[in-house]
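Note that chain A is present in both complexes that follow, paired respectively with chain B and with chain C.
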Partner chain A sequence: MSAEPALRISHLSLGLRGGDRRLLMDDLSLEVGEAETVCLVGESGSGKSLTALATMGLLPSAVDVRGGAISVAGDSVLDASRKRIRDMRASRMGMIFQEPMTALNPVVTIGAQIDEVLRIHTSKSARQRKGDVLEVLESVNMPDPRGAYDAYPHQLSGGQRQRAMIAMALVLKPRLLIADEPTTALDVTTQRQILSLIRDLQTRFRMGVLFITHDMGVVADIADRVVVLRHGKTVEQGEVMQILRTPAADYTRELLQAVPSLVPRAATTEDAAGPALKVSGLCKTYGASGLFSKRQKVVAAADVDFEVRPGRTLGIVGESGSGKSTVARCVMRLLKPDAGKVVVGDVDIADQPESALRDVRRRVQLVFQDPYRSLNPRLPVGESVTEGLTNYGMARQEALERARDLMQRVGLPGDSLGRYPHEFSGGQRQRIAIARALSLSPSVIVADEAVSALDVVIQKQVLDLLRDLQREMGIALLFITHDLRVAAQVCDDILVMKSGRVVEFGAPADVLQSPAHAYTRELIEAAPGRNWDFARFAPVQAAGALSDARG
Partner chain B sequence: MLQTLLSSVTRPAIARTPALVLLASALLLAIVVIAFLAPWVATHDPNAIQPAVRLKPASADFLLGTDSFGRDIFSRLVFGARASLLIGVVSAIAAILAGLFIGLVCGYYPSVDMLLMRVMDGLMAIPGVLLAIAFVALWGASISSVIIAIAIPEIPRVVRLARSVVLATRHEPYVEAAVTLGTPGWKIVWRHLMPNTLPSLIVQATYICASAIMLEAILSFIGAGLGSEIPTWGNMIADGRLYFQIKPSIVFIPAAVLSACVLSMNIIGDEVRDRLDPRLKKGGMRVG
Partner chain C sequence: MLNYLAVRIGYAIPVAALVGLMIFLLVRLTPGDPAAILVGENATLADIEAVRQSLGLDQPLLTQLVHWVGNLMHGDIGTSIISQIPVSKLIAQRVDPSLSLTLITFVMTTLLAIPLGVLAAWQHGRFADRAIMVFSIIGFSVPVFVLGYVLIKIFAIDLRLLPVQGYKPITDGFGPFINRMILPALTLTLAFTALIARMTRTSMLSVLDEDYIRTARAKGAGESSVLFRHALRNAFIPIITILGNSFALLIGGVVVTETVFNLPGIGRLTVEAILARDYPVIQGVVLMMSFIYLGINLLIDLAYAFIDPRIRY
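What follows is the complex of A and B.
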């Protein structure tokens, strides 16, 4: 092994081809040594992914290198020929992406896809290659490597697909692994497994890892060193402990303080009023057998009970497939439950026909996960915000007046009603979605992963906004999330779901400190950065930490 | 974000209109202008029979010669453009409107979907020409009956297109948001679903228009279309085929104009499709 670091980027500057002098990346320098993990942290638009692409020689043609150099294990990337870069890509550097479903070819088996890498880059025989592929699948702890060899991507779970991606990136034992948000699309428990896998492989193969993430929790768990980026500029870089303990830049401090901690917020006082939403015995099963097919039945919700009082927040926490979104959709009556009651105010909406729902609809509103798809891209946002009001008979002028107030209430200029969704950032769009949900003065708001798609800093702002609005208007909030940390910060009660069943229910302090169910414990264990108290720039104190911090 | 970046790697940044598209547009524009100004552009009455000047070659008086009845081919061509374009455009609009309506209903209301789509499958199983002949036989040959006869076989394809777009978008969060805001079904269809179908339908319209002009020519050719008192490119070819060996241009000229017109429409349709399809959009790039 040479003394050259796995990756050295020096004074890299990137700009738009033919564009102005504005730089997309301004003078970035970093080094990833052998068996070292460097985390590249920043919000979207900071240039994290661009750095990865530049290193892989995959820069879009519209992006121009304005200066600097990148070398992987001593070989320069930026001035290498196309063929040279192709050779380097598999043998010296591998890359894994955020969404393994789209990064893998859906019509080719996993084995054949990994085999292709070997076929192109080595001259081994078919038998040797198959042995190598099985070996690498085994080394990424793929359950049943032989089965996976012949499986198509859709037959594997998200975590297994990511393992397959890692296997493909590592089959030629590269010196450098670039991981671009590899766990963002995964459940926390799977995320934890993948992170520890990357750690393992790194020490075993002694490779450098450039890990791109927006999650400081992940950083605390795996990084050796950290580079913080913002708008293409390096804000700060250093050893992970130094960044976490004594961040020098304001931006880093802001980033750290925005990380939701597992320490629950102070409980709000119990409200005496009757429940705004009461769900009892809710059941929903998918996949009834049809005329020609007999599909497997999936129980998405079995006997779910809960109630939410005005001004209080109930969090439903679970991983994908736990049925939490099904519950939300049943409450919204976007789905018709098979059995059970959903009582809003004093009306049971579970069994009502669509025509009778009109009156109740205005009392329950929904904020969606994806702010890019929850607003009609072809309509000015004013149209979206006033839609509900005009549906219930308000005159257009009056509705616009009210929409303007609502926009100001959620922190946007009132005159932005005429603009289209694409003119707003993700956080702003989520504010618009909240304004739309508020337009009908609902008594219940269901927030389905409403902040999961946002950067941490924006996430915190939107959560604060929701809390203010709730306090002011006495709204009952049903907060659905996969992130126990966010739930701890937002909720008065937490309900943990697994495979359609409620496994745990209680106040956040109880659920987080003395979880009764093994699954809840597993979730808490898996929460990234759980041992670090970001807001205090210190580790969480071992015993009794939660109760101390709460006081 | 990453996807947009990666997709722009393989695409050239310069967007320009190909010369072929410009040529096709110019040609089509000329045909449209001539059709509008037919009475002034034509040099003769297209139906004036002059046995004395049968099958004359091109001359200063008869720009493209005369046919077997002594009618001026140029003037018939000019008036033929009117009939052909009228039939093409009106049947395209009719097919799109009917198909859009049925497609939106099928896509949004599952209860009628099953039934209506089987009717559409039935319609698709019958060759368009055959169906058109049957309609014309039933109602007699007039411009309106020919238009209806041509439009109906095109409807199922439009229905499928509109329906598929509705099925793909009806579970988008912004549509579900509209449901939770109490928006009535028809308004959701009109405000949130219908606009998504327009790009593909506009493209489809250009194809229908071209194929309607072809179908009209076929109907005229086999004698099921408009009578020769209304000059169309189709019945000019039909009338001329008996004299093809004596004077080939009598068939070739209307056939050439017909082909050029249809080809232009298809080329323009392809271009519109490319421009409306964001996946084929050139040069666009966002940096994240």
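What follows is the complex of A and C.
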């Protein structure tokens, strides 16, 4: 192997073309050595993805290179011809992306998509290529490689799709793998498998990995070195232990302290009031057989019981397919449960006809996951916030007055009402969504993955806001999440679901410290950075606990 | 796959029945009396009544409907009130020009519009894109009769390269046939290309933004492979929908073009029948058209399943 590092970026500056010619990346220098993992960490807009795209020669046309150099295994990228850069892609540097569903072509089989890499870059026969594809599918531990070869992306699970992406990036054994948030869209147990797979393949192929993430937990688990970026500037870089133990920059400290840890927050005293929401014996099954086809039945909720008192938070934790969102939808009565009771205040809404629900609906409000899609882009946010109020008969002027109040309560200027969603950042939009939910003075708020789309620092701010408002207004919060760490920080009780069933219920301290069910233990095991207490810049228990995660 | 096909055909049957019923009622609700037209200006009321009886038009609507459906079941679409020729024969006489024009236009449009749309999307915002869009707006906003006459003026009258109008079946030789087909086919092609190129561009633009296009580039795929292998196939569903509907539209709905170029096609047959209140002919033609629409939509649905594996049930 050559002495050149897998990736060397020196003094890279990127800027917006035309218009304000804003600088997006200012003088970035970093190196990724052979068999080394370097994590690029930063919030959205820090320039971490642009760095990856620049390295692949895939910068969007609106961005241009203002200076600096990038070389992959000694070969310059920025001044290579189009043909040369196409040749280098996949053979010198492979890339995997955040969302494996959208990153794979939906109408082409997995086998053909990997085969295409070989067809572009090699002159092997069809038979040799098929052998190579099956071999690489095997090496990423794809269950049933032959089946996967002929499968379309939608027929695979999220984790399998990401394995297929990795296989595609690695089929030519490139010197450098760029991984852009490759596990952010995955369940925590799948994330753990994919991380250890990347680690494993890296050692085997001795390739450099540039790993982009916003999750310090992931960093603690896989990084050798860390580069922290913010607004296109390098905040600091160094060995992972140095960054975690003795971060030099304030921003790095802030990032680390925002990481939700598995150490549960202090328990709060129980309120004497009766439950705002009481669910008992809730059942929901999908997929009754149709006229022409028989579909498999999926039990999304089986005999689910829980209650939430005013001012308290119940976390429903589970992976995709666990039924947690089904429960949320039944509570909202967006879905009609097959059996069971959903009592809001003193009304059982499970069996009410649609017409009778109108009055109850205002008492249960929802905050969605994705603030980019949950606000109508063509309406000023004031319209979105006041819509509920005017629907329930409040005069427009009065509704606007109340909306202005709410905006201030969620920490936004009162004059934001006339602006449109795209003028706000993700965190601000989620605040608007919260203001909208609060506008009808609900007794229950359902927050469905309400912070998972946000950066850690923003996430913490929004969670704090939600908690303050909830206390102040005595709202019962049903907090749906896949992230046990977040649940540990915000919930008074945690309910763990798997395949539609409740497998564990209790106070966070009990659930996390002495989990009764194997699945809960699995979730705790898989939580990234579980051995590191980020806020205290030290390992959670004894030193050396990290080693088992890094295999 | 067979299931999918069965379901689609299953849906088509009630639609066909409903369409048939609506045609039957619509024709009879239209003001005007075929008997009066048939007997002419100087006939007495008694004459009209006699003709009406002989045509069965004095019967209650329900009886007429039962009679019509009964005949349809035996494969009898009816006989023209005016010319006394069976409707099936009338249609057979007229289907040749329409089908020829449709096929030629369809092939030319597909070959022209899709590459233009792909090119426009690829060159988004640049000169080629703007030029194609300007052409598209012109092609779409100029009425076909204007375009038809302009083409006739240039190619037939001034340059004397082609005949002005008329139709010769292909059995009279390919030369005379195609000479008379070029101008009407070109007229329609320009109009439909404008529409389909635009559709292709829009669909391609949204697909080119997808993550898997970036993945394809990250593999080192060349631009043509990115455009045609990865993007176009994903962009094809809206394109194929509008292509199919254009086909159906061409077979039955190009009255103006047929009139301009004096082609004895289905479109003109329909208009003549409507003007004469020739109920059986109207019913027959519209019923045939509705079956063509259903058939084409069935083909479109099958094409969806072929293009996109997620649609295969």
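Heads up, the rule we're going with is that the second predicted complex is superposed on the first by the 538 of 551 C-alpha atoms of A that agree within 3 Å, B and C clash if a C-alpha of one lies under 4 Å from a C-alpha of the other, contacts with A are read in each partner's own complex, and residues count from 1 in each chain.
Following the convention adopted for this analysis, contacts are C-beta pairs under 8 Å (C-beta built on N, C-alpha and C of every residue); 3 or more make two chains touch, one makes a residue touch a chain.
Just so you know, these numbers come straight off a predicted model, no measurement behind them.
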| item | value |
| --- | --- |
| Room on chain A for both chain B and chain C (clash or fit) | clash |
| Chain B versus chain C as contact partner of A:364, first or second or both or neither | first |
| Chain B versus chain C, judged by how many residues of chain A each one touches | B |
| Touching partner for A:58 - first (chain B), second (chain C), both, neither | both |
| First, second, both or neither for A:378, with chain B first and chain C second | first |
| Which of chain B and chain C A:388 touches, first, second, both or neither | first |
| Chain B versus chain C as contact partner of A:104, first or second or both or neither | second |
| Which superposed partner A:152 touches (first chain B, second chain C, both, neither) | second |
| Partner chain in contact with A:49 - chain B first, chain C second, else both or neither | first |
| Chain B versus chain C as contact partner of A:196, first or second or both or neither | neither |
| Which of chain B and chain C A:90 touches, first, second, both or neither | second |
| Colliding region between chain C and chain B, picked from 55-63, 145-153 or 253-261 after the shared-chain fit | 253-261 |
| Chain A positions touched by chain B in one structure and by chain C in the second | 58, 97, 102 |
| In the complex, chain A residues that touch chain C | 56, 58, 86-91, 94-95, 97, 99, 102-108, 116-117, 120-121, 152, 154, 165, 168-169, 292-293 |
| Residues of chain B touching chain A in the complex | 1-3, 5-6, 8-9, 11-13, 172-174, 176-184, 187, 191-192, 195-196, 283, 285, 287-288 |
| Residues of chain A that touch chain B when the two form their complex | 16-17, 24, 44-45, 49-50, 53, 58-63, 97-98, 102, 180, 332, 334, 358, 361-362, 364-366, 368-370, 373-379, 384, 387-388, 391-392, 433, 436, 439-440 |
| Residues of chain C touching chain A in the complex | 3, 6-7, 10, 210-212, 214-222, 225, 230, 233-234, 307-310, 313 |
